[in-house]
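First chain written, first letter: the chains are A, B, C, D, E and F, and each begins at residue 1.
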Amino acid sequence: MYPATSDTRNQAAMNFTLAVYAAPHASQSAATALRFAQALLRQGHQLYRVFFYCDGVHNGSSLATPPQDETDLLPAWQSLQAEHGLDLVVCIAAAQRRGVLSEAEAKRLERPAANLAPGFELAGLGQLADAVAHSDRLVTFGS
Amino acid sequence: MSLHIVSKSPFSSTALADCLTSFIEGDALVLIEDGVYALSGALKSQPVVGPVYCLAADAQARGLTIPAAVEAIDDDRWASLCTEHNPIVSWFR
Amino acid sequence: MGKRSLALCRQAPYGNALAREGLEAVLAASALEQAPDLLFSGDGVFQLLPGQEPDGIGQKNLQRNLQALPIFDIERAYVCEHSLSQRGLSLDDLATGGPALHPVSDIGKLISSYDTVLSF
Amino acid sequence: MSLHIVSKSPFSSTALADCLTSFIEGDALVLIEDGVYALSGALKSQPVVGPVYCLAADAQARGLTIPAAVEAIDDDRWASLCTEHNPIVSWFR
Amino acid sequence: MGKRSLALCRQAPYGNALAREGLEAVLAASALEQAPDLLFSGDGVFQLLPGQEPDGIGQKNLQRNLQALPIFDIERAYVCEHSLSQRGLSLDDLATGGPALHPVSDIGKLISSYDTVLSF
Amino acid sequence: MYPATSDTRNQAAMNFTLAVYAAPHASQSAATALRFAQALLRQGHQLYRVFFYCDGVHNGSSLATPPQDETDLLPAWQSLQAEHGLDLVVCIAAAQRRGVLSEAEAKRLERPAANLAPGFELAGLGQLADAVAHSDRLVTFGS
């Protein structure tokens, strides 16, 4: 139990998993997921995992560069990860199709570059099933 | 009981209509993103289901006023609602 | 774990990737012996139409994924009756070969009996 | 006259309904991708507008039969229709 | 060129990027003196609601883009009357400050008078 | 006039521009656009430009690697480009937001890698307006 505000004193801390299907900038949903994650952690809940699936894999791209006056979700996810030790998992199959590759994947697939941002890791779809089994709550952020 | 989250406009998507078909006594509804446009239509005066919550930031972004029958919430309250209900069902297309 | 999860499949096949990626997530969970139950509703019932031949649009047949489900012990799936009738369909119009299809009239009650709902 | 291209299911999107509101005498309608699901509903027997064309590959992919009142076309015929009409209006959400 | 083009704006603001990217395409064309006319229909009429304050969701106010249109000689825009009434709105509910808004009842006729339609 | 099949003999060849808003694999629309482009060229029409906008910019990613049994749109666009000298333009602003960068852009924005595929070029939104002005027909492939 890590009560953070008076609102949450009477509440048991829970384990959440978020499934994020939306790319940043294309849909509001990725930004909503980030704000929701911040609210959960502020309230003392745990985030068991954030699983980026479908177009959500683009959240893990190190190359996205929004204009200076637009919100950049990447550093926000990364600082949340660093601060809370979050498990930010990008589905490896969905990422491969869409061109989000780690150094190892780029080498294995003989592609010219890698673009998976630090703080994110590629893993299989089994990590979603595992998260469902080990979380009190799953919230899906669709596209 | 279930917490339903609707994120698409009821004027261009059937997400809300499909959700309402699945809504039973004890469930709750949260309108987020373009889902808040339900406030300018079906859910304006007397919502057909209840309780209905609405992310205030999303309504404000779009220039919508939240009617009395709908409870305006912030992200923290949304998170709390997610602890109070289960399962959580997202309707996003 | 004893937790019950439901995959809610609401997308038509082929037009976007969600129908396929949803079934892939279901198969992956099943391979880990955490098979969710399936509920087809909305345009998701179109995934169950027989005779799909997507070669001409360069896609793989999704029905093969459906037919693989019983191998992973997914023996039955639910279908929203309301969604079927909205689309002028009945259970007889749907494909066999995958899990047995059970019509459901009150999907709200069904949904609320699960611990987790994965929306696709 | 306009060529309208609809690519979303009429059961989950208002793309077709919005298109039909904008359809006038002399226009033509092409159903592609999930737009072909109109064949299992509104446009099944007697289409409300005409002429209606349907990409055969998209109908076949989805296990749908193209009724007599709708003309099945391939990509080449679609391209020709685009030369015969102007403007070309896509309804995709 | 003498060609007439129309930007058909059918998306609500903020939920997805299409409303914004559509207006950006319109502004870019206008800067090259090839300004299209604008037609707001469907959920696109929501772009015209006054009092939008998207700071709380971390987005830029789209109405600034709309207000910039007259600078680029886009003096008027069309609004689909049917879309307004479907949403319980009238012309009086919409924001001023951008181009003058002209209600249109027969948008099919309007559309067919253009050489090119850009859908957003 | 370049009649390609007997169907097109009586038809004047036209100049087309395609606007593609959809990423491959996320939506069928990108694949439809490719097939439509192939049909146009088969019929002897000219493609003035293919303008990739919104999520369509991901069509220009050199890193997307679909499984072997799925259609890979990238080499198909590239061979069409090589054969017909197509102008495949990726909107630079939309691409920057979404992480599709040329070598020059990656350097300018100080990002760790570039992923714009050969055969595609980054250019401004003015290229869409220019294409509208210079084409007989514009067809939009939405998301």
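Note that in this section a residue touches a chain if its C-beta (ideal position, glycine included) is under 8 Å from a C-beta of that chain, and two chains touch if they have at least 3 such contacts.
This structure is a prediction, so every number in the text was calculated from the model and none was measured.
Novice: Report back the single chain whose CA centre is most distant from the CA centre of subunit C.
Specialist: Ranked by distance of C-alpha centres from subunit C, the top chain is E.
Novice: How far is the middle of subunit A from the middle of subunit E, if each middle is the mean of its Cα atoms, in Å?
Specialist: Going by mean C-alpha positions, subunit A sits 34 Å from subunit E.
Novice: Between subunit E and subunit F, what is the gap in Å from one C-alpha centre to the other?
Specialist: Each chain's C-alpha centroid was found; their separation is 26 Å.
Novice: Using mean CA coordinates as chain centres, what's the gap between subunit C and subunit D in Å?
Specialist: Roughly 27 Å separates the two chain centres.
Novice: Which residues does subunit B have that touch at least 2 chains other than itself?
Specialist: If we look for residues of subunit B contacting two or more partner chains, we find 7, 11-12, 14, 33-34, 86-88, 90, 92-93.
Novice: In subunit A, what residues contact two or more other chains?
Specialist: Where subunit A meets two or more other chains at a single residue, that happens at 21, 25-26, 28, 32, 35, 54, 70, 93, 137-138, 140, 142-143.
Novice: Touching two or more other chains, which residues of subunit C qualify?
Specialist: Answer for subunit C, listing residues that touch two or more other chains: 10, 14-18, 42, 57, 59, 116-117, 119.
Novice: All pairs of touching chains, please: list them by chain label.
Specialist: Final set of chain pairs in contact is A-B, A-C, A-E, A-F, B-C, B-D, B-E, C-D, C-F, D-E, D-F, E-F.
Novice: List the residues on subunit B that touch subunit E in their complex, please.
Specialist: 7-9, 11-12, 33-34, 37, 40-41, 44, 56-58, 60-64
Novice: For the complex, which residues does subunit C have touching subunit A?
Specialist: 1, 3, 5, 17-18, 21, 24-25, 28-29, 31-32, 34, 36, 116-119
Novice: How about subunit A: which of its residues touch subunit F in the complex?
Specialist: Spelled out, the residues of subunit A in touch with subunit F are 23, 25-26, 54-55, 58, 61-67, 70, 93, 96-101, 106, 109, 111-115, 143.
Novice: Which residues of subunit A touch subunit C in their complex?
Specialist: Residues 19, 21, 53-54, 93-94, 124-126, 128-130, 132-135, 137-138, 140, 142-143 of subunit A touch subunit C in their complex.
Novice: If we count contacts the way the header does, which residues on subunit E are in touch with subunit D in the complex?
Specialist: On the subunit E side, the touching residues are 6, 8, 10-11, 18, 41-42, 82, 106-109, 111-112, 114-117, 119.
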